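Two complexes come next, and they have one chain in common, chain A, joined by chain B in the first and chain C in the second.
Moving on to the complex of A and B:
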């Protein structure tokens, strides 16, 4: 770890001010940033710790949607009675990220800002068509937010404040874990809304989380696992590494999608 | 009634109190006044020539005490190798120098180049970034099949990268070839025994301190054998005589073989503590461990098994490429040879066996013994090949094994590969394992799995291992540069309690409990009155340490010998005190009695008399009650057993789930059943890890792809079933006083073939005949897909 200055703003306004230093880094749950710092792979001038900002924490219901503060930890989402009642698939997803230590530190905002291609949350945000609210006062649709591996629509110093999740009729997330890291080797979030189905795939693509239009179309017509017979994802652009070839990941997306549809009921 | 005390009791592990309450003293817990820290700058390329190295800016950096390169180490030796294997043509193996810090060339990712001593680790790391290092990268060779073609050469002394080309048993070669030519059927299998990273929970660490007043060095280090380190480092590397060098291996958090060896870092830390005049600490981080701890396994093997019409084994021919990595680790040469070739008879009476092993240098971390060491590789190739043979011959795999077993009336059994099995009963463990696994109910469980879309398979493997390493004269003839006895001093203190000083080293095995049980049983005292001291060369006699499941069989036997001497002497003292003839004294339950009388004296009185010899047979017996013994075993011990497991394969994803696992082991006599069961559990976890999860992987440039837990999959509790472990079929070892065989490695030896056999059984309907370990979801899915196409 290199030396850095440490700031712990008590309000979003102070945080926005602190983030004006272009070499500042925001610290949310620290589940990616802290290991990166320890390995000397990042050298921010200032670490802006967001953990003291009450206004970006917590879960509430807003206009029929579930609004989750960016600073809310995975364990809080998993344990929330509102989330469990309205979007059980989201509670389930949060309950299966990493291990208890990760879930009690990691935050929704941190995960989305980092946009790791193997993270779980991006699948839920994209699969549910959520809206990402930011410190710049922007409301960014999920379809516009994710812009590639570790790339997002966030501007310089812009912080996520909360995410609004629409409530689907039914939804499920199925994750095939990478055997070592237990990140998603391929995870699929399926959500059925009135008149439309959204399918988001994480872990598989070199471009990060993505929607699978052919699967959405098939499931919109007939929301059953069998509707996906003959719907196959191409291997082009999928990640190939020690744990899976592009073909394997593409195949897993199909298997996980079918299982998610079945689990959604 | 199970015993609650002494030999045979499941006494609770006394050492766990300190381990579980944070009171353990590991090397990193040791901090010396004025201590500085060491950071090693390591190569980030697999092969290259150092064209420029300027450390002047690092030397001038804040907090830096000293910066060292190989130029500063002139006059010091390289890291020695402890075993010499002879080539088939009689020439000694190629033994290139293994420098402490790279000399002009780097040969694997992680090869240390510069050592920085600083006031803090952070200062050392900062200074490392100021080192100006240029490496002219050379092509790297990782694949052994490529390496032996030459071209890219690691060491000038080995132009084809072959360390040795070994044949065993050379005299059998022609007969084996002929038997294979003429056989009714020959089953052939090519397989890979995957490279593993040992991953002890505690990374390696060292603290060096030099006492200028006494001209004495102390090294605290994470070792399984501190006397071996003292000898190798003192005599061959640093030229420090033993009496000026103390090596302490305090509490050590797991070794699995990786902490047997003498490593460059600990030699450097010892040397530099004098050079900088301060104690120096180094503690590997996990990334360093991945690229500098000796790895395990890494064999590529072709096996041919010849059979007659009835499936009787006629001959076995095996050829192996064994990866040595970039340099020879301490015992690396003996693993694929004498700990591998000599086990190729397995549990079977195959009359003719021949193996050829080529040890190969590659641009990878050195490879050495890892839990099982050579024996897992032998067992895996045998048990996989037999399973394949059973399918090809249309014979039930259990029946084929049973038909070829060495039978109980054949002991001692001279194998065609030098070793002589003293005892065993392979039918008994096979029957027991089949019974406990409810093999009869398998068809029903398979149907149930099928109804859920899963493929169920049953796998069986037998194993035998040579443990209790080893008769010194034998291993000396085979190339060992050391004896392999063990030493123990038993000191009865004046008030009767007992301190035992053992050359064995416990790094998780529970010796402090088990050895105390043995001594307490012999002396008829409370276990709590016996203390076991290990790990400090200034306290313990010269012993060889712990590996090869040898601690109880060899180290325990040395303790028994010393206790026997103590009892003999104590009887003389008791006879004098009781005014009786020594021949009339019996000792039981801590009491000396005169046979046929009620005259008795207790243990404590005799012990006190030995140290307060007022009324004492001083003409016949010296005062004191302390004895030292060295026990050199007459033979190896041969633990054996049968493992049966069931797996379920998800054909859609390739995921393998181990549903059940039965281990029926013959460990001879068992001192502490609970600890033995724990040892089996740990071994099984590592074996299942090897079979389905763990695979060390390099890319073609020699970059370590599986360099952290993000990519190297360790077994977790959820990956393992509840184990069923049985030791009821024991045949006590015939040549050591405790009748024990050793239990530390069995689980890791027998489980990989059992798991793979089960997976292949599950997939056989799809036409899959073999998959190389680890059986990751990706590989299993690809094998199914390839077989379908």
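Moving on to the complex of A and C:
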């Protein structure tokens, strides 16, 4: 690691101030950032540790939605009685990110700010049509937030503060785990709302998480795994690496989508 | 250098660290607590698992300064007050839960976190919980057996060793 100064703001206001340094970087759970720093792929002058900011932590119900603070750890989302009751698919997703020690540190905001193309949370945020709130006072719709692999709508120094998740009629997330990294080799989040179905795919595209309109249309007409017969993703733009070809991932998305619809019931 | 203070195994400690000093470096090099191992240094293997404020974390993927004021527990804090092995450690010895022993500190610390949350885990619970702890010797079978036995002992049941 290159050397850096370490700031530990106690409030969001202090964190916003510290992030004004253009070479500062925010540290959430650190489960991706710290390995990145070790590889010297990032060289911030100051690391702004967000873990001491109480106001961006916690889970509450707001206007019929589940509002989760950006600093809330995966284990807390997984164990939350409110999340388990209202959006069990989200609790299940959080309970299967990485391993227990990663879930004890990793946060919702950190995952979304990083927007790894194989991360789980982006699939839930896009699949549920959640709203991302930021330190700049913006409320960004999920459809506008994800802008490509590791690219988001966040501006310079802008921090995620919380995410509002609408409560679906039913939903499920299914992923095929890449066993070494425990990221999704491909994962699909399916959510059925009154009159509409949303399907988000992670781990598959070189452009990061994306919605699958053909699957949404078929499932809106008939919410059953069979409705996806004949609906297939093309391999164009899919990730190809030693774990799987673009064709394999495109196929896997269909398999995971069917499993998710079946699991949602 | 910045001064960091925390409680490690019940003892107040402090030292001067850089921003980039990892908790595991502070424990091993700063405090001489070399029971916490560095296996992979890439957050994969779990040999460095310790508890921070009661929860298991990978000490190679958290900064020392991030633990300012925290309660840290390492494998050195797992023995009984008289120096004899704690319940989980004794179960690993009894059920051959280790061979080379490199992964063992992390296994024991992970197991302790599981058993603090779930007093009656199934074998499947144990295997899933150990997803972040890699062992290259045992094939995991006896590690799982050790943790199941430790859980039973902690519940006050008698366990026969094989």
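The criterion applied here is as follows: the second predicted complex is superposed on the first by the 265 of 265 C-alpha atoms of A that agree within 3 Å, B and C clash if a C-alpha of one lies under 4 Å from a C-alpha of the other, contacts with A are read in each partner's own complex, and residues count from 1 in each chain.
Basically, a residue touches a chain if its C-beta (ideal position, glycine included) is under 8 Å from a C-beta of that chain, and two chains touch if they have at least 3 such contacts.
No experiment lies behind these values; they were computed from the predicted model shown.
By the touch criterion defined above, A:251 reaches chain B but does not reach chain C.
In the superposition on chain A, A:211 contacts neither chain B nor chain C. In the superposition on chain A, contact is made by A:104 with chain C only, not with chain B. When the two complexes are overlaid on their common chain A, residue A:1 makes contact with chain B and with chain C alike. Looking at the superposition, the partner that touches the larger set of chain A residues, chain B or chain C, turns out to be C.
Where the contact sets of chain A with chain B and with chain C meet, they give residues 1, 180. If you check the complex, the residues on chain B that touch chain A are 122, 125, 287, 652-653, 693, 695, 697, 705-706, 709-714, 776-778, 781-782.
By the touch rule above, chain C contacts chain A in their complex via residues 2, 18-20, 22, 41-44, 46, 49, 55-58, 61-63, 65-66, 68, 110, 113-114, 129, 131-133. Chain A makes touch with chain B in their complex at residues 1, 39-40, 176, 179-181, 242-245, 248, 251-252, 255. Interface residues of chain A, counted against chain C in their complex, comprise 1-6, 8, 27, 30-31, 34-35, 37-38, 47, 49, 51, 75, 98-102, 104-105, 180, 182.
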